[in-house]
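Below are the C-alpha cells for one structure; questions will follow.
Order as written gives the chain letters A, B, C and D; numbering starts at 1 within each chain.
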C-alpha cells in the first residue's frame, strides 16, 4: 500500500527555522511512515502557477537545518481568499480565488496540508479548513504574537540579532557620550523590543502596547546625564507610538515621522537630540532581523514542531496547530489558538521586572 | 527606617548568566526597596575568610549583564556541612562547619540570603534553611538537571557553544569523509547533548540515560557509509556509558576509557575508527561550555530570576526557589524542586522526535 | 632612577581595538621599562578639565583586551587648535586653545604623548609635534582611510559586522524576492563597503570613489530578475553619490536624499523599488559598525601597535606613526603617512576582481 | 572559438575559504572569459575514479561563498606520486601513479589546472609541473606555514575559533581559580597558537618553534597565583614539545604524553595541576578549527586568490602561485614559494611583543 501524500507550504514573512520545519516534516514522514511530501513554492502562489509544486525527498532537505530562509520560498500577498490581480492597464483588483485553490489542491490528491506561517497565514489556514481542506498548522513568527503557544521559532534568532546590535551600541555609546536609538521590528507586539531591550541593557524601551510621551523619554535621558551617565540606549519598536496628548505629537500629528528619517526610531532620535542637547544616532536593523541561520533554540523547536505536525498529518488530526506548553509539544484547535492575538501585558511580570531595573517605558 | 540587608552567594560550577542574576538582585532591591546587598565571595568560602564579604552597589553591577563568570567568584568545594580541610601534613579531613557558618551569617545580620546554584548548592541551601537560615534559591545549571523548573539559565549558552562546534565539524566532516566525535558536558543528564545533537545535525547521540552498545554505534556509521554518506557526526555526553553486556565493555571494563584518550568521547572515536575503517577524530570542548557571555535568552531568564528572588527576599518568602513554568516566573518550595532530579526521558517526545529523524542512540 | 612618564590619549570616532592599544602600551611600558602612564580622558578634552588625567596601572587594563570602546573615552570635537566654545547665549565660537593645551601638557611633565586616532586626530598630532610636543601616533579607523599603513585596527571588526548583516539579508532576500539595501559607513572611502560587499555576496556596490547612475543600478536589478534571480543585495556607502548627469539627481539635486528616508541607502531603495517594480527595503547599520569587541585580527594588530608605540616612546623616536607593512610593524614620519589620504582605486585589482565576479558599481 | 578548459582541484586538510576560491575561479573564468571549468572531486583521487570529474557552472557555485568545506571534497592521501594502495589481503603498498595521473589529465584536455592546497599539495603541484602539467597554485592553510605569501585564507577563521574558545575559558577560569589549557592545531608552525594566545589573553604560550620546560610553565602559574591571580590560561600547539633536558621529559620521554590524556595539552594540564596544586582542565578543539564558514577576511582573500588564479590560467602563466604582499595580490614561481617553509621567528617582533606583555613561552 502506498504511503500518504502530505503537502507543505510556508507563508508570510521570513523567519529563521522554516527550513528546519520542512526538514523535520520530510524526514519524519518519509523515514517513519513512507509518506510522499509535496512542497508548494512561494506561499500559496505555488498552487496557481505551473511547476509551483514538487516532491521533496530526503536529498532535498540535506544540510538545510542551519540555514535561514525557506527552500520553498514564501510570499506575503498570496491569500487565496483575497488575491491581488494586476490588470494590463495597471489597476489592481482583489479577487477570491479560493475555489480555484481548492480545485488545484484536489488535483494534488493530498491527504493533508501542513501550513507553516504567522498569524495571517494561519487565519487563511483556518478558512481553508472550513472549506474542507485537511490542514495542520505550524506557528511561526519573529514577533511572538501568535496565541496558543508559549513561543514560536524565529523569535529567539531575531532576539539574538537585536541584542547583539544593542551590545555593540553599548560600547560605542559609553565612549562617546551619546544617545543611541535602535528601531526594531514589531508593528503590533513589543515582545522582541522588550526582551532585547532588557537583555541588551537599554535605558528606555518603547513598545506598541505602551504609548509614550516624548517628554518622559527626554526626562530619562536627561536624568541619566545629570547622574553622570552621559550615554543612553533606546530600544524602539517600529510600532511604538506617542500618546494622543503628547505635545510633540499633538502639534505635528503623524507628520512627526515624516520630516525626520522616516520611522519612529528616527523621530525619537531627532527629538531626544534636540531636547537633551546630545548627539543622537539611529540604527534601523530592518530585515536583518528576519535573516540568518536559526539559533539552536529555534532549530530545536522548529524540528519538534515539524515532527509533531508530520505525526498529526499521518494520524489525520486536522484543523489543529502544534504549540509549546511548559517544554512539551502539544496541539490545539487552530480556532482556539487564533482567538486572541498575543500582546505584551503592560502590567505583567516582565514589564514590572524591567521597570524595577530602572528602565523607562516613556509613560 | 533603614532598608533590609540581603546577602547573595553564587555556588557550584560556572554558568553564563550568574552576573545577570547578581545585577538584577542589586538593582531591584536597591532601586525599588532601598535595600543593602552584601555579596559573599567564592561560594560559601567567603564567610570563612577575612574580607570575604562586601556591599554591592549599583556601580558594582554596571556593565556586567553581558559578561560570563561571576563577579563574586564561585567554588565547588565550599559545602559548610562537609568542608575539606587540609592539614599541614597534607592529609585532608572533611568537617562540618555549618555551625560556624551560621554564626558568621548571624554576624552579618542579613534579613535574607539569596543562594544561586545548581542541584548541589541548592541542597546545601535546603539544609541551611532547616538550620534557620532565611534562604531564597535561584536555580542555575548548564545541564538543565534541576527539578521544578522548565529550564534554567546557562543551558542555552552552553547549547549555543556546543551546537556551533557541531556545525563547524559538519562542514569539515563532509569534505573529508570522516567520523567526528564531540564530547560534551553532562555527567548524569543528557539534555545538552540531546539538544545540541539534534540542533547540530548529529547522526548518533549518546547520553547517560540511554546506555549504548558500541556495535550499534558502528552499525549506524557503516550504514551511512554504505548509503553514500561518508561522514558521521557523533555527539557524546561525558557521562554516556556502554551497557554492561556490550562486548567491548565486557572485555575491557572501565579500562575501555583508559588506554584511549581518556574520556568516553575518545573511546568512541577509537572504536569507531577501528570497526568502520574510517578516520575518526575527537573534540573535547570541556570548560569552554561553561564560559562566554550569556545568550539573550539566558540574560532575560537570569534577570527575571534575580528580580523575582529580590522580591521574595523583600517579601520574606523563604525556603523557596524561583522557577520558570509556561513562560511565567513562579516560585515553589526548595524541597519540592529538589525532590526528583531532572533527567532525559528515554521514551519522551524529544527522544522519539530524534529517532524519527533517523538519529541513533546506540541502543 | 624613576622611569619615564608617557601620556596616552584616544581621539576621534570609536573603533574596536582602542582598549587593546591602551593595554599594550601600559603593560609594555610598565613591565618592561618601569614607566608611568598617564591617561587623558575624552580625547584632548581631558587636558582642559579638572580630573581629566589619571595614572593608568596594570590593574586598570585587566580584562579590557576583548572589549569595545575605550576606557579613556573619546570625543570628536576636541581639536585644541579649533575648539568649539558655547557662550551662555548659545552662540558657538571656534577658538585656538593650543597654547593652553601645551601649558597643560607641560604641567604633566610627560616624556612622550601617544596619540591614537584617525586621519583627523593624527593631523592634530602633527600640528602638536610642530609646536614641540613629543608625539607618537597610532592609526585607528574603521574606514581604512589612513595612509602609510596597509591597514589599521577597527576595520576588520566593522567588516565582520557589515558582512554579517549582508549574510542575514541574503537568506531572507532569497525567500522573499526582494531588493535589500544596506547603508554602511564610509563618507570618503569605500573600503568597508567594497570589502563587505564582495565578502557578503552583494550584487551592487556603491562607493564614494565611483559616482553612480541610478539607471545602471536599476538595470542590474532588472537583469538579475530577468535571469530568474528575483532578489538583489545592494551595499551602499553613506558617502556614495550619483553622478552629476544622473537624471534622477539632475532633477532632484541633493533633495534626492530628503523626501526619502534621509540617507543615500534609503534613496537607492526608493528609486529601485519604483523602477524595478519590486519590494525594496533598507537597513541602516549606523554606529553598530563602530561597536562590539574587536576581532582577533584587530586585537593582534592593536596590541602590536600599542607595544611598538610604547617602544618608540621609550626610545624617544618622536613625530612618527606605527604602521603595518607586509606583516611587519614599522614606523614612519607622521607627515609622510598623512601626505595622501587612502582611497579605493577605481582601476585597482580589488575593484577589477569584483567586476569580474559580475558585481555592478552602478557606473 | 570555444573558450579554454580549466581544471580545479582542492587538496589537503580542510580550510574555510575553499568554496570562495572555487566560486571566484568559476565566476571569473566563465563570466569574463567564456571558459569551461572542470572540477576534480576528492583531491587528486577524482582523476582515478569514474565520475570523479564534472563541469562546474555558475549555478553550481551559487550560495557557496559563506560556506565552510569544499564542494569538491578533498583528501589527505591522494598524492599521485605516492599513493597508498590496499591489497585484498589488507597490505598497503605505496605506488607512483603519476604517469596514469598525467594520462587521465591529458584525456580531460585541460588548458590549465588550478591546484588549491597547503604545503604538501603545492609540492605535488610542483612535481606535476615538472612533468609538464600546466599548473597554477593557490595557497591554503590554517597554520599559515606556506612561504612566499604574507598570509593565506583559512588562518583568520581558525584564529577566530581558537580565540573565542580562549575568551570563554577566561570568564570561567576567573570565577573558578583554575588553570585552563587549550590545545590548538599546529604541528610544525605556532602562528595560530601565538596569535590566538595573544588575542585571547593567554598567560603561557607553547609553540613548536620554542621548546619549553615544564618547570618554567609551572613557575609562571605559581607566580601569578602568588600575585593574587588565581587563574592562568595556557595556549598550547599540538606540536609544542619539552626540551630534551626537561626533567619531566628526561624521566618519562615521549611517554609523558601517553599515560595522560593523549596530547601535549593534556600532559601540560596534568603536570601543572600536580606542581601548582591547582585544578587544571584541558580543552582539545580539534577539527572544529578547520570548520565553519570563512570570516570576511578569508572570503575576501580567497575570492581575490581565485580570481587571480583564473586570470593566470587564462593568461597561460603556469608554474606560479598567487600570494598576498602588502595588501596586493601578486604571483611568484611555485618553487620559490616552497623553498623555505614559514615558521614563527623566536626572536621576531611578534614574540618580543608577547614577552613584553608578560606572556611566558615556557623557555
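We adopt the following convention: a contact is a pair of C-beta atoms (placed from the backbone, for glycine too) under 8 Å apart; a residue touches a chain by one contact, two chains touch by 3 or more.
All values derive from a computational prediction rather than experimental measurement.
Colleague: In contact with subunit A and with subunit C at once: which chains are those? Just list them.
Modeller: Neighbours common to subunit A and subunit C are absent.
Colleague: Could you tell me which chains make contact with subunit C and subunit D both?
Modeller: Correct list: empty, since no chain touches both.
Colleague: Roughly how many whole angstrom separate the Cα centroids of subunit A and subunit B?
Modeller: 31
Colleague: Nearest whole angstrom, what separates the Cα centre of subunit B from the Cα centre of subunit D?
Modeller: 34
Colleague: How far is the middle of subunit B from the middle of subunit C, if each middle is the mean of its Cα atoms, in Å?
Modeller: Chain centroid spacing, subunit B to subunit C, equals 41 Å.
Colleague: Send over the residues of subunit C in touch with two or more other chains.
Modeller: Each of 167, 170 in subunit C touches at least two other chains.
Colleague: Going by the touch rule set out above, what shape does the chain contact graph take here: line, ring, star, complete or other?
Modeller: It is a ring, because the chains touch in a row that closes back on itself.
Colleague: Show me, using the given definition of touch, all chain pairs that touch one another.
Modeller: A-B, A-C, B-D, C-D
Colleague: Where on subunit D is subunit C touching in the complex?
Modeller: It is residues 24, 27-28, 31-32, 63, 65-66, 150-151, 156, 159-160, 162-163, 167, 170, 195-196, 198-201, 295-297, 299-300, 303-304, 307-308, 310, 325-329, 349-350, 353, 356-358 of subunit D that touch subunit C.
Colleague: Subunit C touches which residues of subunit A in the complex?
Modeller: Answer in residue numbers: 13-14, 16, 18, 42, 67-70, 73-76, 161, 164-165, 167-178, 180, 260-263, 266, 281-288, 290-293.
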